[in-house]
Amino acid sequence: MYKSTLVQLSAALESKEISSEELTRLYIERCKKHNDLLNCFITITEEKALKKAKEADKKRASGTHSKLTGIPIAQKDIFCTNGTKTTCGSKMLDNFIAPYDATLVKKIDDAGFIMIGKTNMDEFAMGSSNETSFYGPVKNPWDTCYVPGGSSGGSASAVAARLCPAATGTDTGGSIRQPSSFCGITGLKPTYGRVSRYGMIAFASSLDQGGPMTQTAEDAALIMNVIAGFDKYDSTSTEEPVDDYTAKLNNSIKGLKIGLPRQYFDKNLNSNVGALIDDSIKELEKLGGKCIDIELPHTELSIPAYYVVAPAECSSNLSRYDGVRFGHRCSEPKNLSDLYCRSRQEGFGKEVKRRIMTGTYVLSAGYYDAYYLKAQKVRQIIRSDFQNAFKKIDIILGPTTTGAAFKLNEKLNDPISMYLSDIYTVSANLAGLPAISIPSGFIGKLPVGMQLIGNYFQESLLMNVAHQYQKMTDWHQKIPQSYE
Amino acid sequence: MSLDKSEIQKIAWLARLGIDKDDIASYCDELTDILNLMEQMNSLDTTEIVPLAHPLEVFSRLRVDNVTENDQRENFQADSSKTKDGYYIVPKVIE
Amino acid sequence: MNRLMEWETVIGLEIHAQLLTKSKIFSGASTSYGAKPNTQACAVDLGLPGVLPVINEQAILMAIKFGLAINAKIPKKSVFARKNYFYPDLPKGYQISQFELPIVSNGYIEIKRDDEKNKTIRITRAHLEEDAGKSNHEEFKGQTGIDLNRAGNPLLEIVSEPDMNNAKEAVSYLKRIHSLVRYLEICDGNMQEGSFRCDANVSIKSKKQEKLGTRTEIKNLNSFKFIEAAINYEVERQIDLVESGELVIQETRLYDSNKNETRPMRSKEEANDYRYFPDPDLLPILITDKIKMTVKESIPELPDAKRDRYQNELGLSEYDSNNLTTNPDVANYFEEMLEITKGDAKICVNWIMGDLSASLNKANINIKNNPVSAKMLGGMINLVKDKTISGKIAKIVFEAMWNGEGDAVSIIKKRDLKQVTDTNEIEKLINEIITENASQVEEYKKSSPEKKQKLISFFVGKIMKKSKGRANPKQVNELLKEKLKD
């Protein structure tokens, strides 16, 4: 039962094969059993979940339920959940009980999902390996010597090990897609503005987006139907009408023009990853897709541009963590300066401090034009590159990551190397485009994903192609041996 | 482009981040590496380009002027270690 | 004096006007004054993790209104920026303000100089920003208490060019802006409550040189009187420094009204690097011609135009016109009275500037809150005009209205104050007095013109007393003189 997708669980609950309470207990037991090793969860909300599960069963009994009522889900600990600890993976918020619900959380609750816990993550969403969390690193269930990816590593690991059937994540430079690739699950980053950021603790405001991390594209579509939409509390959320993301899943992709960026398939591409992508291309061609070579000439500049914009925005977003109104406050501050400097020194980890320093520098007097403004211009160019490409093709295909997961501690002291591995993912954030990573094979015993990037608001198309691919392949159904 | 100790200290102060003396050197190195990475952007001439602040080129919606929030002080000040009589307390600030 | 011969003063002013919106600029919390600490600070105002700002439409419209009223440029696109610095009353560690592309730029207003000539003061820009909270240093020993009710209140920061050259011009400019924002109904101008705050940038320069001097900023100025005193003090202080060979340091100073001096603020800035950048949580504002037109149509008659109209069309003096138009509440009151009295401007002015003004000052209330409405006062004036009561009786009626005894008609009825104008009745009274004061009448017939006048007053006094003040004095005088002729 715990290997079921959301679609299957919905059916099982409907046919009374299992109750919500039983289902919730099942997952919570799995969480408690495996969390010591995997460390996916910072908080497991057993009591609240069971209470909600019982209510869900009552609703189902009285016929006032909906399709998704009573299905357990995990929330990345970056979303504010009213009355529940919300830490963002940081000591700074170790004592923070969120006094309100994020819009995304409200929507998921209203749809009937049962939150069973808050997942571990890189501190303040900064990282690509989930090794920077105050609560310790998360392990990749495929091989616990390896990282699950980050920053949504807890969510990815939990879904991969089937500790929950689905989870939420956030993606600023690849933080949904990269861990999805490393853990063998499906992860979607929606178009910027598609999902409300209200209550989603901010890292880089112009890049962040929340999205589903699931076993299948079909499940992702179900969650998108719940979370997508305009929010009056988020000025950057779009009023663009919301699709029924499940409606087009079964459309044929015959004649679909699939762009292959030359810059993604150059000599730097890991040959193992390349081989898997080639196989995937063949599958899509069998379905009628047509591959066309395209250029995304400024792909390389996406890394420096990202590593200016993201730290700059985060350095400002994290100024509110000053120990005054909430969060960690140092003991016996001598004066105001001491209060600020020591609280922040104690509360933030190394990577966060590094990015705050970088961001403060690039925004400081005399450097704004050379760095921040320049990066925003490079962003414009990258966006144009994509727009030009989309004139010729419908969808872009490429690798999600430069390889399979790396070992724990391998890149911790080499931040630049870590940054460079984001090469395939950050462009979509810079341009605000939707992108999905789906399992496409293994290198050794570690999974690797491939990425599809769509034009603005083309999430339906992305999930359509992904779903068609998943009908032809079974990578997404594989579960790490220890968690079968 | 290399950063020196005094610049690191200046940035740390601007960001109100306490840093240990022992860490200053590594911050110098790390930040210098990151800034060198950024130098790559200079290979591109962007004089005529308009900076992209938002991926979607739209304008702001305007909120109607109504009071929609009520007193939630009790809820927000549940952590009472930082408050007294409804105020947030900090070490005395001299103006 | 000598000093002013050699030194020129250069003054620029920054005004922070709190806009009269119901809710805050970026959140839906209330802006009303005086609530218990932190009861009007919602999640957004507190800068809790995950919150986002949403711009208040009314704040935008009010800023545009101000810009149009000062003939400024309103751009098509306006952008909000973050001003980054740390202070406990600034919850997010940055203030959402405007840097490039402010909502108003390049405007001007006219003031009157000492020599009565007009002077144009240019306004560089006016931009929107959120207010910070308040610090309470007194109540908590060794600590400071922070109240964030004010955090997020909408402010319009109005920045002038350094076009003023003495304290009087500065105050004149401030009074003009103060009057204007009240007329536009975008700010209540309450300086005690902090909804209209001024900072002055003051520097001196030698008339022999081109170069501008170093300027200091004086903060914490909350009355026109203090502003004038502070600027004067500061100018003297700077001249003293420079004349004794020292340098003026660029710094922020506070004005102490008790000691009448400025002193440097402690702690605060080594010039802050605010690291401005466009706020990524907010999209740019689009200001269409349609919006500008709609706002323009909502602009009422402004003080200058109103003052000119009072002088030119109503024939009022410049002095009276000025007095009536400085405060929009007074102007509105006047115009309402004008309508009721069918345009008798002079008598309305007299009553407003006279009895009403005196009563308001004595009771220390403003015209909006006064017990005698324009309708009541105008009504009373009409009863004087149609001779129902005399001017003298009117003063009694006014006082009664002020004390809440009702409107003029009911007071006159209750107290039987109706003027006696019937010639027969007056004659009757005169006859009675003549009879009762026969000896004085005899004396009158023999008296000199001067003595005659004194006796007339004596008789009139008696008649007025007999009629309980209701006899029409003019008629009494005329008829009495007639009667005494024989």
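In order of appearance the chains are A, B and C, and numbering begins at 1 in each one.
Keep in mind that, in the parts below, a contact is a pair of C-beta atoms (placed from the backbone, for glycine too) under 8 Å apart; a residue touches a chain by one contact, two chains touch by 3 or more.
Since the structure is predicted, the reported quantities are computational estimates derived from the model, not experimental observations.
The chain occupying the central position, as judged from C-alpha centroids, is B.
Pairwise, the chains sharing the most contacting C-beta pairs are A-B. As a whole-number value, the distance joining the C-alpha centres of chain A and chain C reads 57 Å.
Centre to centre, using the average C-alpha position, chain B and chain C are separated by 41 Å. If each chain is reduced to the centroid of its CA atoms, chain A and chain B end up 23 Å from each other.
Within chain A, residues 99, 206, 232, 235-236, 319, 322, 324-326, 336, 340, 360, 364 each touch two or more of the remaining chains. Residue positions 14, 16, 53-54, 58, 60-61, 63, 72, 76, 88, 90-93 of chain B are each in touch with at least two other chains.
Counting only residues that touch two or more partner chains, chain C has 43, 46, 48, 54-55, 86, 88, 146, 148, 273, 275, 280, 282-283.
Chain contact summary for the complex, chain B toward chain C: residues 14, 16, 53-54, 58-69, 71-73, 76-77, 84-95. Against chain A, the residues of chain B that register as touching in their complex are 3, 7-8, 11-12, 14-19, 27, 30-31, 33-35, 37-44, 46, 49-56, 58, 60-61, 63, 72, 75-76, 78-79, 81-82, 88, 90-93.
Per the touch definition, chain C reaches chain A in the complex via residues 43, 46-55, 82, 84, 86, 88, 91-94, 146, 148, 273, 275-277, 280-283.
Of all the residues in chain C, the ones that touch chain B in their complex are 21-23, 27-30, 36-43, 46, 48, 54-60, 77, 79, 86, 88, 135-137, 139-140, 142-148, 254, 265-268, 273, 275, 278, 280, 282-286. On chain A, the positions that touch chain C within their shared complex are 79-80, 86, 88, 93, 96, 98-100, 102, 197-202, 204-206, 232-236, 312-313, 316, 318-322, 324-326, 336, 340, 360, 363-365, 368, 372.
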